[in-house]
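Each of the next two complexes has subunit A plus one more chain, namely subunit B in the first and subunit C in the second.
The block that comes next holds the complex of A and B.
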């Protein structure tokens, strides 16, 4: 029953959107009526999504999709998240989020009515494309032809609270760029005033913030669930999310230039189209299954072709409009060596190079396989030695960019900065002299701390310190950059200064980690609702009274016959101690302990970036 | 003080430090070299995981081979060549810098040069 409701409302929603599209040419609507239609189409799509969710929650196995991906003994949260834990459901989530964005956009005030309407019509077109894709190739409402009372279960790797909320947030970013895309296209068609740039800025910030959150959740999940002690692997699926993120960052920064009166409209439109294209392209690559990834999702190639088709339609249409309807020529750029405009231009160029390099590295193995029928890998080492060096000048610039002047190449207090930089360099050099010297470690620490320090100096010497909302809005760019600096410090320390210790232990053994005694207390096996767990219990720092307890082990999911590793992590503010339980041999367990210094800084940095993304949305 | 001066100081400091870092560069002990090398190798039986990160049987075998060969005094290059002969280029996470992959490796830097030219041409030297 719920499947029928879901399917019908989806079809109705597509129908209404089609009607709206025709309305531009055939029927003319009042504003109220138009908004009513677009909102009802959005709500119908949501109804469709929630009826699928309902089918999952009540374990309605007469729905083929539920039967394939759910099991009645799962905890409720994974029944809900199971809705998007599969291809069909996740595409419906994609469409629902698209609808939510249209819904909220229809409430935007103070913008030109016909412009708003055109934007929404482009959204409707996208809705139709993806809606038809769902109906014809990935229908989540198919009826199960056999009568069953149990489902096949959800991939155990996805049964995790972090990953349960990861897709909706990530899609909030991906799909959010659809509205930016529509705004840019509508802006090209109307070509009237610059009002659309302000609208685009707000929405691109919203999307970017969502995307940041989504990526962070994904890599945090990889950190504790994959159990290798790393959190970023330059995996294709990760690269795909990183591309629109960097392009989106470039977009947000170029939209800043609007404030300095020199809108590089053309470039902004290009980036808007690029961001959404990359999002759709990412969906294609992930869903087509042509990539080998640690974040493997079941997928099938025929659907990939469809998404590829949609990708070509969207991108082709976008760039065609871009070429035909070029924005009016804007005044020349005031590029000086070095003022705010040129800093922003350099940063944009670097970000786009980084994006394109990641794109090339990700699809290069596919190209080679098609051309030469040879399999090669392009992995972390390639990206580390291309993308990171390219970004370094950008990182140097961002430390002072927010206080540069728009008009001249003079900078206030520049002596202060030079002095600070030299002192900092000496300090970092001394630090790395006493620890193991490492080139990347040195560069990373210097950059990270320099960004933090320069932003601090900028805040304290350029503005009067007040504690009110307005002040936080003014210093927001610096705050965002401090977040980046903190994240860079965290990334550098956790990857360069990671320490690994291997042990072979029997129960009751004591061993030494970082000068602290650890007791390998015992091995426990228990039966949980839908899995069996094997846990090694460790007591960290037993000499103290309050020793910390750590559990590391594995879970076995009988329904899907899979084993997942569950790392035991002891979080401290300056390091994570990461326990991995290996295999048993001759009554001894292999235990790997990783000491990851300053991992918490990465997450702190990301939280600061998200915070300033949110603040920037409220600022005009 | 003009910004150009500031950047000059900036660059000199960075360059001198980069120079120092290369001077102090030294080869680590054998475990670190194994780690460095196995991080750049793909575990063929896993999903996109490096041999270093993986505990699969295949990875453990390769780790042993790498360690043994390093102890024999073979260079990283020899070991990579040996592994490529056995398993194909797919095992290398860092694609070979050869004629076939010239586009892959030069692409970012060509873009960088184009970008640099763009900025240099468009930059006004005089004050506005």
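The block that comes next holds the complex of A and C.
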């Protein structure tokens, strides 16, 4: 029953959107009626999504999708997240988020009415494309042809609270760029005043903040669930989320500095189209199964071709409009040797080069396989040695960009900065000398601390410190950059200064980690609702009274016959001690211990960036 | 000049789409990497017959005739599924040399398996330690290789072959 409701409401929503699209050419109607239609189409899409969720919650195995991906023994949260833990449901989530964005955009005030309408019509078109994709190739409402009492279960690796919320938040970013795309296209068609730029800024900030949160959640999940001790693997799926993120960053910054310069406006339109194109391209790569990763569900060539077609239409349409209706040229940019505009232009160029470099590395294996029928993989070494050097000058510029002037080459308090930079360099050099000297470690730490320090100096020397909301809004760009600096310190330390220790241990053995004695107490096996768990219990620092307990092990999921590893992590503010329980051999267990310094700084930096994103949304 | 810059995204889009489409249409499965040995010489091997230890087959024995090499084992259930197809191939193409490699198996189990299901092979080589399979880059059983008269691997298939695969992919090469 719920499947029927879900399917019908989805079809109706597509129908209404089609009607709205035609309304531009055939039936004209008033604003109220238009808004009513667009909102009801959005609500119908949501109804469709919630009917599917309902089928999951009540374990309605007459729905084929529920039967394939759920199990009645699963905890409620994973029944809910099972809705998007599969290809069909996740595409429906995609469409629902698109609808939510259209819904809220229809409430935007203070913009030209026909412009708003055109934007929403482009959204309707996107809805139709993806809606048809779901109905024809990925219908989650198919009826199960056999009568069953039990389902096949959700991929155990996805049964994790962090990952339950990761897709909706990530999609908030990906799909959020649809509205930025629609705004930019509508802006090209109408060529009205610059009011749309402010609207676009708000929406692109929202999308970027969601994307940041989504990527961070996925990365954090990989850190504690995959049990490799790392948090970023340059996996193709990570790369395709990073591309719109960097392009989106360039977009947000360009929108910040737009002052009616036509050249910048053109660039903004280009970036808006690019961000959403990269999002759709990412959807294509993941959903077509063209790449192997934890994200690719059952692959099906017809799906891949359909979504490739959508990618081609959307991106082709976007760039074609851009080509034909490019914004008028007028006054040139106020480029000086070093002012805000030139710093930003350089940073934008660097970000685009970085994006293209990642794009090349991601699609290179596909090109090679088509041309030479050979399988190659492009991994960490390529990306580390290309993307990071490209970004470094950008980070350097970033630290001083907020204090540069718009009109002149002058830099306020430049002496203070030079002095601070020299002192900092000496300090970091001394620190590196006493630890093992490592070039990347030195560069990373210097950059990270320099960004933090320069932003601090800027805050303290340029503004009067007050504790009120207005003040936090003014210093927000600096706060965002402090977040980046903290994250860079964390990234550098955790990757360059990571330490790995291997042990073969029996129960009751004591061993030494980082100068502290650790006791391998015992191995425990227990039966949970939907899995069996095997845990090694470790007591860290047993010489102290308050020794810390760490559990590392594996889970066995009998329904899907899969084993997942569960790392045991002792979080300290300055390091994570990461325990991985390996296999047993002759009564001895293989135990790997990783010491990851300052990992918490990465997450702290990301949280600050998200906070800044949210503050920036409220600021006009 | 300006025009060219604006055209670049469209050109890149076109290139990406063409390659992706070719990839999708070629029916490639990302889980099954193409063999690095395709169009290369067959690796050198030497193996004794399952039935007679004195009978030996070497790489040089299969040159100058088309050969189909199949890796199988009695413990491999997908092998059982494709097994009857080799009789058909043998009947239809009597000049094709059918060489089976019995992979990581015991001689008695292998003999029993070929007794129960029949023996379609012209020669059954023993690969009890899996070294020959290693040379061929066998990923998992069963796997089938087609070798031309010059001793080059011209086709490889992972998993049990089906009638469709036989008709559409193997027969055109015979």
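Keep in mind that, in the parts below, the second predicted complex is superposed on the first by the 609 of 620 C-alpha atoms of A that agree within 3 Å, B and C clash if a C-alpha of one lies under 4 Å from a C-alpha of the other, contacts with A are read in each partner's own complex, and residues count from 1 in each chain.
Going forward, contacts are C-beta pairs under 8 Å (C-beta built on N, C-alpha and C of every residue); 3 or more make two chains touch, one makes a residue touch a chain.
Given the structure is predicted, the values throughout are model-derived calculations rather than measurements.
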Fit or clash between subunit C and subunit B when superposed on subunit A: fit
First, second, both or neither for A:274, with subunit B first and subunit C second: second
Which superposed partner A:284 touches (first subunit B, second subunit C, both, neither): second
Subunit B versus subunit C as contact partner of A:375, first or second or both or neither: both
Touching partner for A:319 - first (subunit B), second (subunit C), both, neither: second
Of subunit C and subunit B, partner touching more subunit A residues: B
Touched partner set for A:442, first subunit B, second subunit C, both or neither: first
Touching partner for A:8 - first (subunit B), second (subunit C), both, neither: neither
Touching partner for A:366 - first (subunit B), second (subunit C), both, neither: second
Angle at subunit A between subunit B and subunit C, C-alpha centres, nearest 10 degrees: 60
Subunit C versus subunit B - closest C-alpha approach in the superposed model, Å: 7
Footprint overlap on subunit A, where subunit B in one structure and subunit C in the other make contact: 292, 296, 374-375
Subunit A - residues contacting subunit C, complex: 270, 273-274, 277, 281, 284, 288-292, 296, 299, 301, 304-305, 308, 311-312, 315-316, 319-320, 322-323, 326, 363, 366-367, 369-370, 373-375
Subunit B - residues contacting subunit A, complex: 1-7, 9-10, 13, 17-18, 20-22, 24-25, 35, 39-40, 42, 47-50, 53-55, 88-95, 100-101, 104-105, 107-109, 111-112, 115, 118-119, 122-125, 127-128
In the complex, subunit C residues that touch subunit A: 6-7, 9-10, 13, 16-17, 19-31, 33-34, 36, 38
Complex interface listing, subunit A residues touching subunit B: 228-230, 233, 235-236, 292-294, 296, 333-338, 342, 345-346, 349-350, 353, 356-357, 360-361, 364, 368, 372, 374-382, 385-387, 390, 396, 404, 407-411, 414-415, 417-418, 421-422, 425, 429, 437, 439, 442-443, 446, 500, 582-583
